[in-house]
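Both complexes below contain subunit A, partnered by subunit B and then by subunit C.
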Partner chain A sequence: MKAYLTVFRMRNRMELQYRGAVIGGIICQMFFGLILIALYRALYAGNPQAIPIEHVSCYVWMQQAFFRMLVATDPDLLDKIRSGNISYDLCRPVDMYWFYYARIMAQKLMGSLMRGIPMLVFAAILPKGWGVTTPTTFCGLITGLVGLFLGLVCMCALENITMAFTMRTLDPRGMQSLMNLLMVTMSGNLLPLTLFPDSWQKVITMLPYAQLLDGPIRLYTGEYVPADAPRILLVQGIWAVALIITGYAMWNANRKRIIVQGG
Partner chain B sequence: MHYIEINGLRKTFVVKKKREKGKLFRKKETVEALKDVSFSVEKGELLGYIGPNGAGKSTTVKILSGILTPDGGEVSVGGRVPWKDRKEYVKHIGVVFGQRSQLWWDVPILDSYSLLKDIYRIQTDDYKDRLEELTDALQIEELLRTPLRLLSLGQRMKAELCGSLLHRPELLFLDEPTIGLDAVSKLALRDFLKRENAEHGTTVMLTTHDMEDIAALCSRVLVLGHGRKLYDGRLQTLLEQYDYDHKVSARYEDEDSGNIDHLIASMYKELDL
Partner chain C sequence: MNTIHLYLRSMAMLLKSHLQYPTSFFMQTLAQLVMEGGELMVVILVVDRFENLGRWAGGNLYFFFGLMSVSFYLTELFGRGITGDFPSMVRTGKLDTLLLRPRGILTQVFCSGMDPRRITCIGVGVAALVMGSIKSGVEWSFLKALALCESIVMSCLLILGLFMIEGILCIHSVKSVELVNAITYGGRSACQYPIDVFPRPLRILFSVVAPFAMTMHVPAAYILGKPLYGWPLWTVFVTPLSGVVVFFIMTILFNKGIKFYRSTGS
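Take a look at the complex of A and B:
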């Protein structure tokens, strides 16, 4: 257990080294946030939607703040798989799945906290309808945070599945672009899922991608009332378990057919 | 019962060839990396494992370190089968792949070591003693707080070796550990390996193309070619026998490694490897 914690801690520390990238990321994400909100405000001016604009702007900011959680891949891990340095990890007395899971989680958590917190602070001082809103209920805040954590768990499991695929294909690009496309559209990063037609939402909100950020954000904004919370969290939990089991099985299967190429 | 016992070890790889013009599918070719290799090693032995490029040396090491599963044959190391029960097995072995890195690129090597400490569950006191012993012997104390990316190849190699020995493995695999080392570092590394072997009784299996390493370290060599075992015995005997049989013009003397290289090269050629 300690080994997994240490690798988590070390990866966190490594993430802290790239401060320039963080500042760049924040500026880029803020720009995107403002543009998107301006866009939705224009849309609302012509054609008001059922969801209040405050919720949409809050949704957009949350998505931008935790963007790093969504689409960040550890380049070192991919490099290990490609170059064969993974052989060293394969001859350690640890469980490969959790060893990498801890690394992935550290990167996603630290990366998004470092970017997310300054951005949410910035968004909080923006005028109403442009920035983030405070949660309507205390319960919304708590369930939102729990949901966010479950979302992170799902997210890391998804990422580890991509890693397992990469061990087969040796090149992450194909799988990654497919995953990123699904991720960005289906998780509500491109267009908030709340703005999808109701009939679509019934399906989309059941998919794993909606569990990452969409569910938690809607719990926070109060769009899902506290009575909905157990159901939302349960779906998240089920997906978390399913994704972890899938990834774990894939890693195990990889072990049996693995070839480390070269020297 | 020998410490390492290998019987009829086989491993094949499927290689996909470039698609030929006019054909729909790529041709697949099976390459037999190891065909029926058998040998045994006693505890505390320093074994040299040599052969031309592509002979199957690294494949053997990867199987013995539990990374690859062979297609056939039996392997037992200290009563354990490497690819079954892997987590238990790898606690007792150390591996150095000369061309790969186990230390983290961006963090000081001391931090990479403390991760290894937790991975192998080394007790803190034991870890401190061992780290001191190793850094003294390898002379890398002043490098401990430097990130790996700032080290030279030779310094990195020493750091890698130190990392592989922290958990006091009883069996150490070295896959071309002297690549890129200068003369001084090479000699230091050899002395270190000899001492490690003498003091702790570590069994060492050394794969290299540097015949000097073999001559200086290994009491026994194993020659592999085309996935088969060709020779198993003392290096001196191999050279004498070969020299006698084939009347190679290059005369060698005990310490003259340039000529050992010549001899080995003509032997590989002769055997059409």
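Take a look at the complex of A and C:
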């Protein structure tokens, strides 16, 4: 356990090294957030919906703030898979799955906090209807944060499953872009899940992708009332366990048939 | 003439090299199709829920979306050297080799990259254009077809020009400059939808600084029979020319900028 915590801490420090480089990215994403909100406001102007525009704006900002959590991947691991250097990892006295799990978790957590916090501060000072809303209840805030943590656990497990596929195909591009598309569409990044047709939402909110950010955000904005919270968190928990077990089994199967690519 | 011949030869060669690994190429092209299909799905879902956007009906929105995808991905297909590869050329010092050859730098940069995987994205764009024009009941005439062609060509030049800003900045700073994405990719996201629905600052940005509205929305609005801001017919053929103006200015700046190029020494 101690070893994994150390990996986690080391990786956190790595992420914090490139503070300068992220500023451009942050400004760029704020701009994207503003464009999206301007668009939704224009759409809302003629056709008011059941979900208030304030919640949609808040949803967009949260998605932008934690975007990094969705898409961050471990470039070193990809390199190792391609070059065959992954064989060195077999010599480490730690479990490979959890070793990379700790790394990717640090990367996703630090990466998104570093970008998310300035973005949310910026969004908080915007006029009403453009920025983030305060949570309706204190309970919403707490369950939202717990949900976000469970979402992070699910996300890292999903990332490791993608990596397990990459170990088989060796070429990350096809598989990754497919997984990324599923990720950004089904998690509500391209279009908030709250704006999907109501009949679709019943199915989509049960899929693992909705557990990542959609569930936590809805708990925060009050779309899910506190009475629903235990159910939502339970679904998240079940998915987290299921994804970790699947990923772990895949990594184990891969370890038995690992092919080292040449010199 | 020589330059164009050279460009065509390079494109043919690059295409061949991309097709050397057919399975990988096929997979990636498919992935592009799914990705752009996802973007189209978002527009369809938006239309499904909201039905219209200001004075624009659902069918009109497909048309705007299609125009943007066709222009943007045509640019990425044929101008990959500028839109994608240039920053890494500067960083790795590969640009040095281009300086030695007896051809213009810009020509060589254009000749050095293409991205045929984008063909499926263009396909999705064309489908959206057709769907949009049928749903909006467009009666095609020679003038309208001409306006559409001019719009696409000028938009491509505009997008190339905007990507060249990144190139110029990157000659100075060596790093690729993410901030420029705000007007290139940001412009794509915003101008998939007609300009007049946005608040004033965004309207000014995308009409004057990065004139997507001039090259795309003025002609498209005319084709759909709902002229933008009620402007007269001649504007439909004049405003898109801002695309070639931006391209021309950026070419001059690029050639000036390249004089400051210092190799990374690797």
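As a working rule, the second predicted complex is superposed on the first by the 261 of 263 C-alpha atoms of A that agree within 3 Å, B and C clash if a C-alpha of one lies under 4 Å from a C-alpha of the other, contacts with A are read in each partner's own complex, and residues count from 1 in each chain.
Keep this in mind: a contact is a pair of C-beta atoms (placed from the backbone, for glycine too) under 8 Å apart; a residue touches a chain by one contact, two chains touch by 3 or more.
A quick note: this is a predicted structure, and the numbers were derived from the prediction, not measured.
Clash-free side-by-side placement of subunit B and subunit C is the outcome of superposition onto subunit A. In the superposition on chain A, contact of A:Met14 is made with subunit B only, not with subunit C.
Looking at the shared chain after the overlay, A:Pro127 reaches neither subunit B nor subunit C.
When the two structures are aligned on the shared chain, A:Pro197 is found in touch with subunit C, with no touch to subunit B.
Looking at the shared chain after the overlay, A:Leu178 reaches subunit C, while subunit B stays out of its contact range.
In the superposed pair of complexes, A:Cys91 makes contact with subunit B only, with no contact to subunit C. When the two complexes are laid on top of each other via chain A, the two nearest Cα atoms from subunit B and subunit C are 10 angstrom apart. In the superposition on chain A, no subunit A position is in contact with subunit B in one complex as well as with subunit C in the other. Subunit A contributes residues 21, 24-25, 27-28, 31-32, 34-36, 38-39, 42-47, 49, 171, 173-174, 177-178, 181, 184-185, 190-191, 195-197 to its touches with subunit C in the complex.
Remark: subunit A residues 2-3, 5-7, 10, 13-14, 17, 76, 83-85, 87-88, 90-95, 256, 258-260, 262-263 touch subunit B in the complex. Those residues of subunit C that touch subunit A in the shared complex are 24, 27-28, 30-32, 34-35, 38-39, 41-42, 45-46, 48-54, 175, 177-179, 181-182, 186, 189-190, 193, 197-199, 202.
Taken in their complex, subunit B has these residues touching subunit A: 13, 58, 62, 65-69, 87-88, 90-91, 93, 95, 97-102, 104-107, 111, 114-115, 118-121, 175-176.
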